[in-house]
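What follows is a pair of complexes built around chain A, which joins chain B in one and chain C in the other.
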Partner chain A sequence: MTAPREPRARPVWPLVRVLLSTQYAYMLEYRAEIALWALSGVLPLIMLGVWTGSGAGEAAGFTPAMLTRYFLAAFVVRQFTVVWVIHVFEEDNLQGRLSPFLLQPLHPFWRYLAAHVAEQVTRVPFVAALLALLFLLQPSLLWWPHPADVFWGVLATVAAFILRFLLQGVIAMACFWSERALALERLLLIPYLFLSGLVAPLETFPPGVRAFALATPFPYTVAFPARVLMGAEVNLGAGFLGLALWSGLFLILFLLLWRVGIRRYSAMGA
Partner chain B sequence: MHRYLRTLARFWSASLAAEMEYPANFVLELLAEVGNLAGSLFVLSLLYGPGQNLGGWSWDAALVVLGFYTLLEGLTSTLFQPNLSTIVTHVQNGTLDFVLLKPIDSQFWLSVRTFSPWGLPGMAMGAGLILVAALRAGAVLGPGTIAAAAVLLLASAAILYSLWFVIAATSIWFVKVWNATEVLRSTLVAGRYPVSVYPAGLRAFFTFVLPVAFLTTVPAEAVLGRASGSWMVASVVLAAACLVISRAIWRYALRFYTSASS
Partner chain C sequence: MIIEAEQLSKTYRVADKQPGMAGTLRHFVRRRHRDVPAVSGVSFAIAPGEMVGFLGPNGAGKTTTLKMLTGLIHPTAGTVRVAGHDPKRRQAAFLHQITLVMGQKQQLIWDLPPLDSFRVNAAVYGLTPPEARRRISELADMLELGEELTRPVRKLSLGQRMKAELLAALLHRPAVLFLDEPTLGLDVNAQARVRDFLADYNRCTGATVLLTSHYMGDITALCERVLLIHQGRLFYDGRLEGLSERLAPYRLVRLELTVPQPAAAFTGHGEVESLQGNQVCLRVPAAQLTGSVAQLLERFAVVDLEVSDPPIEQIIGGLFERGRVDDSPA
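This part shows the complex of A and B:
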């Protein structure tokens, strides 16, 4: 079976609207679950507690206020860059649900992307409520970021989400060859956790490790957007260039693997 | 009692045989465990700034805490997660009926039915880390210390089990509650570090609301030979209370169970 070609001259906007609105309605049904998922992203806040209790942050030039802003920004970035496409794709693949999707004149991944975007919209009130609760408990944490920082920060977060989506999409292609592609994702989670800046600002890394981390795509997914949001001094151009280059690379890999993989696909299973 | 032990042996040998079908998993899980531990050690080394002190704990002493965390994580992936995650499915599909009809205690069946060997490397690494770090920290591992540490480790395992079981049991009311355990898991990460690191408010939360302190910090202090009697008594009492409460909640929840997706 080959991937169906998308028809060219067809208005895209109605399609986007229908995809997003149906996925949004679907996600609203599961809002209790999404609230729990939002709550399970507390790691940066726990790390904020640990870093505040350690003197190492100040030694690296992070004042307590900067630490707070960094980890709160990392918390927000993490909330809106959650990607689970490999889980749905594996299930659709193993259960044969991918077949009807392939008959439609739409790449199945657009559907997954719409689901992710809809989930993020559903998540907004929960994240806002969590932050409000945090500020109520600890008003000293509150700060108003500069509007320009918010603009570039949101843009960087969206770009970080796209990068993570494409990276996981590449890994998801392993589903065409193996029934245990999820194990690969589990391995990939480790460098993401420790090199992205989710648990420690990159400035506290020893120079060698830091250079290594910066050569990987991971810091662009948390540390860069978080630093933009907190209003730290960042090279916007270099950051967005890195995001674009890595995303481009993963997009090419994804499309190549998809073309090879879809030929192996035989209705059900690997 | 004897019957339960024999059943347990059957359960575990059967699941072991099933898991052995996927030998490649062992390598992957081992890699993941080693990577996770290396990452945790790296972050801990970052937290030790020039002061070489984290909440009053030396580097080696904090490693004991990390060792207990790794050990309990391994236990979670070996026993708690594979078993308790199925309660939700049983409720959704109505297959809990069959479990309740079995001539064996339903909480026992649900809690120990399967056994996933992939958490064992993590448990071994955690135990090794505790031993090495405790010796480096200058702990005297006399019989008294070892006995106290063993009792407190059992107590923390009992507390952890009760937390998991109670959340999984609430699926009788809320059905889709699985990611509530994900919230639990992500919050328990706090146990990687001695509880004295956290600011006062969080410390109180991790002691009285979500007893993270009793999971890793209290047993680590026992190994290091500096546990106070009152904390040890509190830990054991808490563990007993947790087990009793989990039992009571399960019996209470079953009264509301009305088969498929109640």
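This part shows the complex of A and C:
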């Protein structure tokens, strides 16, 4: 019997650097596609057009300037919280590409996370160009947020991305039980659109619906970071605590489901 | 032993649906499943440094066994130890010691040059950049890879991709190699280069290799020992040379005669395998070989005579074509 050989402790930073730089190089190969994805995320800007001049915002205590800033902030938050891990995980699972990843001493989801981060970095110039074009066409929309709001807003956006990544990671675990787990993700699209604050600020919702929305993780993925970015009155502590609690819950669920699900993995297509 | 499998079994649960509308509706309302045994009670042990061929027809259970040995799937029953570990736990210490190369499945990043994938693998296995560069250079030399390493993977030929795939899989210098059809789809030259590389790698590193292939050339060139699996059961575990004795207890006797003879003339001397002019090939039972050869030499004017074992491809091919095994499991 051969004695088990202990692997050397692996330095983390070189791994992170290599994963990110490689995934960035990979994403650059798909820059045209990423530009189209960035364009497809203009729903908050469309909603801005719909809400402007309707008077509905003012009834909820939103001045036209606040409404503009909210939807512009929601646009930025949406751009940097896009998660597609379930698509790639389902495909890798069905086509057997997951197998080589499982045979390496690195959880496959770290690769997916690196791919998401690299995709977001690739997206930056396209989002900046879209915003520049918007401000060029409509200079009145331009506003400079306070540096503290930018700091906390970026932090909240990163946390919102992690929450969305973990939520979709939990749903992706259904791939171990079903070949069409993506359908579950589609089921969540409607509550995400309405309860996150993407199509309307939560303040415009009836009190009952608003209370219901606040009891779900969705407002933390758009409304909270958008309100922080726009400089609105926000309870930062409660917001970040909500993000941490939901993320913690989904992380635990993800790890549990992974542990059970991986036993069912049949290495299809491999 | 570096690989030990004891009564290893795997049963898959598959949906059982009858064709047609009625079958579809019945399946929708009341889904039925049945258990399909893919591997049943397979036991074997492999010593460090051995190169073992794993043979069997499609669906015999080869790949399922490899997946259990690498920990990709969990056995339904039985135990398995590889390099002192239980594979299904997929501990880092275990994963550092093994690799699995699957013919057409690849771990290389499609749109980037192989070097980018190698960098990722090197970082995943904790190799320092100088160490990684040295190993890439060594393996690239052995595999005769050069400027291909900086070309996008999608632009490489199948043979070049397979070699790059091997390099990626061996960068961490695994002690146990599981190779599932590593030469599938390659031309004859590329097959030969991959075989030479595997033989060199085994010689240089002392790695253990378990290899499945549909090309008998791979097996005969690399493996002294073979495992034969059929319908999920192991029915031969031994030397390649001994295989013909066990599965084909006959010899081929080739005669060149001065005068051509009809097939009927050889009745009682063996089964006529081929007859062309004055060249005849007879299949003679091993037990009667001496007597038959003596009679043939006495009865016919023989210019040349040659006795040989039947080609291993013929033995195994015929066995798998028949789709059944007359012999009891090993």
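Just so we're on the same page, the second predicted complex is superposed on the first by the 260 of 270 C-alpha atoms of A that agree within 3 Å, B and C clash if a C-alpha of one lies under 4 Å from a C-alpha of the other, contacts with A are read in each partner's own complex, and residues count from 1 in each chain.
Please note the rule applied: contacts are C-beta pairs under 8 Å (C-beta built on N, C-alpha and C of every residue); 3 or more make two chains touch, one makes a residue touch a chain.
What you see is a predicted model; the values in this text were computed from it and never measured.
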First, second, both or neither for A:Ala200, with chain B first and chain C second: first
First (chain B), second (chain C), both or neither touched by A:Glu33: first
Touching partner for A:Gly237 - first (chain B), second (chain C), both, neither: neither
First (chain B), second (chain C), both or neither touched by A:Val18: second
Which superposed partner A:Arg97 touches (first chain B, second chain C, both, neither): second
Partner chain(s) touched by A:Ser54 [first = chain B, second = chain C, both, neither]: first
Which of chain B and chain C A:Pro147 touches, first, second, both or neither: neither
Touching both chain C and chain B, counted on chain A across the two superposed complexes: 30
Touch list for chain C against partner chain A, complex: 1-2, 12, 48, 63, 67, 70-74, 81, 83-85, 88, 90-100, 102, 105-107, 109, 111-112, 116-117, 119-126, 129, 175
Residue ranges of chain A touching chain C (in the complex, touch as defined): 1-11, 14-15, 17-19, 22, 25-26, 29-30, 96-97, 99-106, 263, 265-267, 269-270
Residue ranges of chain B in contact with chain A within the complex: 22, 24-25, 28-29, 31-32, 35-36, 39, 42-43, 46-51, 53-55, 174, 176, 179-180, 182-183, 185-187, 189-190, 193, 196-199, 201-202
Complex interface listing, chain A residues touching chain B: 30, 32-33, 36-37, 39-43, 46, 49-60, 137-138, 180, 183, 186-187, 190-191, 193-194, 199-200, 204-205, 209
